[in-house]
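In what comes next, subunit A is part of two complexes: it sits with subunit B in the first one and with subunit C in the second one.
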Partner chain A sequence: MRLTQGQFSFLPDLSDEQITAQIAYGLKQGWALNVEYTDDPHPRNTYWEMWGIPMFDLKDPAGILMEINECRSTYPRHYVRVTAFDSSRGWETPRMSFLVNRPAEEPGFGLIRQETAGRTVSYTVRSYSADRPEGSRYA
Partner chain B sequence: MGAVEEINGGVMDAKERYKSGVIPYAKMGYWDAHYEPKDTDVIAMFRITPQEGVDAIEAAAAVAGESSTATWTVVWTDRLTACDVYRAKAYRVDAVPGTGAGTGKEAQYFGYIAYDLDLFEPGSIANLTASIIGNVFGFKAVKALRLEDMRIPVAYLKTFQGPATGIVVERERLDKFGRPLLGATTKPKLGLSGRNYGRVVYEGLKGGLDFMKDDENINSQPFMHWRDRFLYCMEAVNKASAATGEVKGHYLNITAGTMEEMYERAEFAKSLGSVIIMIDLVIGYTAIQSMAKWARKNDMILHLHRAGNSTYSRQKNHGMSFRVICKWMRMAGVDHIHAGTVVGKLEGDPNMIKGYYDTLRENHTPVNLENGLFFEQDWASLNRVMPVASGGIHAGQMHQLITYLGEDVVLQFGGGTIGHPMGIQAGATANRVALEAMIFARNEGRDIWNEGPAILQNAARWCKPLQAALDTWKDISFNYASTDTADFVPTATASA
Partner chain C sequence: MGSSEKILAELADDTPVDLVGVLENSHVFEILDQLDRELIGLKPVKTRIREIAALLLMDRLRKDMNLNAQPPSLHMCFTGNPGTGKTTVAQRMAKILHRLGYVRQGHVVAVTRDDLVGQYIGHTAPKTKEVLKRAMGGVLFIDEAYYLYKPENERDYGAESIEILLQVMENQRDDLVVILAGYKDRMENFFSSNPGMSSRIAHHIDFPDYATEELMEIAEMMMASLNYRFDAASAQVFVEYIRLRMQMPHFANARSIRNAIDRMRLRHANRLFGRRGEPLTRRDLVTIAESDIRASRVFSGKAGVT
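What follows is the complex of A and B.
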């Protein structure tokens, strides 16, 4: 499967140049860029691991790309995403989020159906990657 | 244009004023050219078409009177109250540009009326509207009447819950940022069995849509009862979520004949894990407020279909502007509302729609006559409402849609998804690719208004479904003149 979270997952994987252009857009809006990674991309797994804290004071797209690339080379088989945080009043939330790395093999998710009263089914989405202990997934 | 001359206002001696009989509304105290609205006043602006021979100021005073304390004749019981406070005050009347003598159109006037806050019950749209649009629209002295805009004071806004979820929290819950959300209404809207209906939902969501949607009139009919629909739709939603790794949703329409039935359907949707439910505008203001409270309490996004609004919002001389509906619905607490597409099949002038979208999404809107915003409005941190663009739109218009509507909007391609020649999944994928490619290009700094078609063609080179969509709908546009347009654009459109 192909995980389609993020703003640009239906496009071909982004080049460094394309990532830089998107970072430049976020910086121009005054947002702080952040890099996060995970080996469990469950749709409700909100808190991916942080690659440092959001880069509030780094305004150079090339510098942020360097951080992305360091994260990618450390975790080549993880999902890596870039998030842009807007601190302005009334937003105070991510305004961009897009994937910049994905494992070569994406096992995807199973759907567990627990049949309950009547015809009602209780659904659970389960990450196949989470079958293994954290850190040894996508090995 | 300019303020209409005061011709029959003026203060009367109290004894004279309260003598039994009939006196003009303006003289009863419903007109005060020197009144300065307080920060806590509710202000309404009406487009007034007086009957022949009825003076504009008297007509405005009559509207003020009939929407507040007045009756047709003098009553002495007014004198038991602080009646000066409770009387609404018409304080400004302007001739509408392009109407009246010499224009070939009957004279219309913009009348501004201020209401003291104590006239209204806290947190009740029903009470607010019972005054503002209660009796007055049938009043004989005016030939036609339209509520154009309102200024809701912060003090009153703070008595309303506002949107149950709001744009910020909706996006956080769905984990979707920086692009419009994508949806589609299941078609045909009537007649599918639950099993067949869920098929359409699954195909659309798996192909790349974020939401699928019930239509306004799909409730619980002989061909598909509501529980069946809910069960099959949630199977489709969860299966698509597992297939893509994304949070997905289907707006389950809980509209029903009684509140008890609506609560029952909402509870069932919640028990099945749905992230969103849907109601129709026709259920009424109180029912909408009740469902908004329920939605806040149960972590549910609340989608509102504006079914019925065009019966009173479309014609320019009578009824009310949709921007007022937007204001009331933000106060009432819905999270989504259909607010126009500009380019699609339903009524929508670009300037007017900009006014609606700003009203729904901004925390503060300044006066903007071109966009139909007659008042500065501070939203007092009520959540933002996500507008929904739906009706006759397709992937080939993506650059226009994003230019007009921005990124905090749900773009709904019903026919544009389900009518795709390669199937529903392909239709959904075409829309998602077009959307992502256009946001990507916009962020890169490209001029999407002019380069849009080239950007789409370029993406279609590696995305066959998009190519097929562009080929199928390349000549489809809906170019009809709007009926509801601004009175203040340099390029005319005076009055319909």
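What follows is the complex of A and C.
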């Protein structure tokens, strides 16, 4: 199952050229970009691991693409995303976020039903990949 | 037959080249002329910049004609005494390369050893990389680059920084241009102990010291930009000042001239301040008088900086 999180996720994977163009847009808006990765793709998992610190004061997308490629080669079977943070007053929030790397095989999510008090059923999803311990998912 | 060969075959050898159009589009002559006007002297520097500009333009024309146009390596090394204009030229270089489409953004990131080398193990690589990332799309100007390498301390982290620099200089040649600057003899020392660095730098440009007349021209330009001027007498005294100042220690070419002008302005202001009550004209406000220069310690023969 193909993970659809963030911008452009219903499109085919972005090429490096397209990623560069998106980053250039973010930089032009004055946003700080950073690279994050995770092997737990649950939609509620908002805290991904950071690949280095956010990159401030950059003028050109080449530096960020360099970090993306380094992150990809270190974690080829993780999800990697680029986030652009807008620090201007009133926003102070990520303005852009899109995946730049995904594992070759994505097992998807299972629906878990839990019977609680009375005949109530509560539902939750669990990523099949998260069944294995951290680090050995997508191995 | 590959597609590029096919196109090459289609273009006859006598296909006209639109040199004029490309020149006009790039506005490179404007910048070169501006360089000629605003930078006094520095003949070898200007010649080399002209050559580089010409090569980049020709490469663009060659590309239009489907000829192989390998982007040249443009890492540079500026050597010269203090105040000879190394930083100024580096700023200009970024603009020229930007106009010619060699760098994408055309900004200059000026750094020294402190910005590149960390204080403990594992600190240097991220620090150097961060600077490199900031400089991408523009020019990285490393002032006094020889401090990066300290042979007397084998545990110095400078070598690590040099290693990362070299790697990026080689692999991402079209992402940034590195300019090293420093005094000539120490730079030569630096290169002899880092042969890898020397061979990756295509252009070694030496900045000559200015002659007295050139320094005078520089002074007049600086004064004009500040809306001051010499009168006939003070201009002559200032030439004399330059001659004396050049003999003294710690002479830093154009930088010394700038400092001298700043001090002259102080004395000029003080002199006008002292004649309270007398009428002042616009001319008094802009004219540096002989006495403003004569008051300098350079004339009293005492070895000081002022």
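Note that the second predicted complex is superposed on the first by the 136 of 139 C-alpha atoms of A that agree within 3 Å, B and C clash if a C-alpha of one lies under 4 Å from a C-alpha of the other, contacts with A are read in each partner's own complex, and residues count from 1 in each chain.
The rule is short, and it goes like this: a residue touches a chain if its C-beta (ideal position, glycine included) is under 8 Å from a C-beta of that chain, and two chains touch if they have at least 3 such contacts.
Just so it is clear, the model here is predicted, and its values are computed rather than measured.
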(message) So in the superposed three-chain picture, is A:25 touching just subunit B, just subunit C, both, or none of them (first/second/both/neither)?
(response) first
(request) In the overlay, answer first, second, both or neither for which of subunit B and subunit C A:37 touches. (result) neither
(request) May I ask you to decide whether A:66 touches subunit B, subunit C, both, or neither, giving the answer as first, second, both or neither? (result) second
(request) Would you sort A:92 into first (subunit B), second (subunit C), both or neither based on which partner it touches? (result) first
(request) With both structures superposed, pick whichever of subunit B and subunit C touches the larger number of subunit A residues. (result) B
(message) Is A:75 touching anything from subunit B or subunit C once the two structures are fitted on A? First, second, both or neither.
(response) neither
(request) Return first, second, both or neither, reflecting whether A:58 touches subunit B, subunit C, both chains, or no partner chain. (result) second
(request) Enumerate the contact residues on subunit B facing subunit A in the complex. (result) 168, 171-172, 175, 177-179, 208, 231, 234-235, 238-239, 241-247, 271-273, 363, 381, 384, 429, 432-433, 436-437, 439-440, 443-445, 459, 462
(request) Using the touch rule from the top, collect the residues of subunit A that touch subunit C in their complex. (result) 52-53, 55, 57-64, 66-67
(message) So in the complex, the part of subunit A that touches subunit B is made up of which residues?
(response) 1, 3-5, 7-12, 18, 21-22, 25, 41-44, 46, 83-84, 89-98, 108-111, 119-123, 125
(message) Residue numbers of subunit C touching subunit A in their complex, please.
(response) 104-105, 107, 126, 130, 132-134, 136-138, 172, 175-176
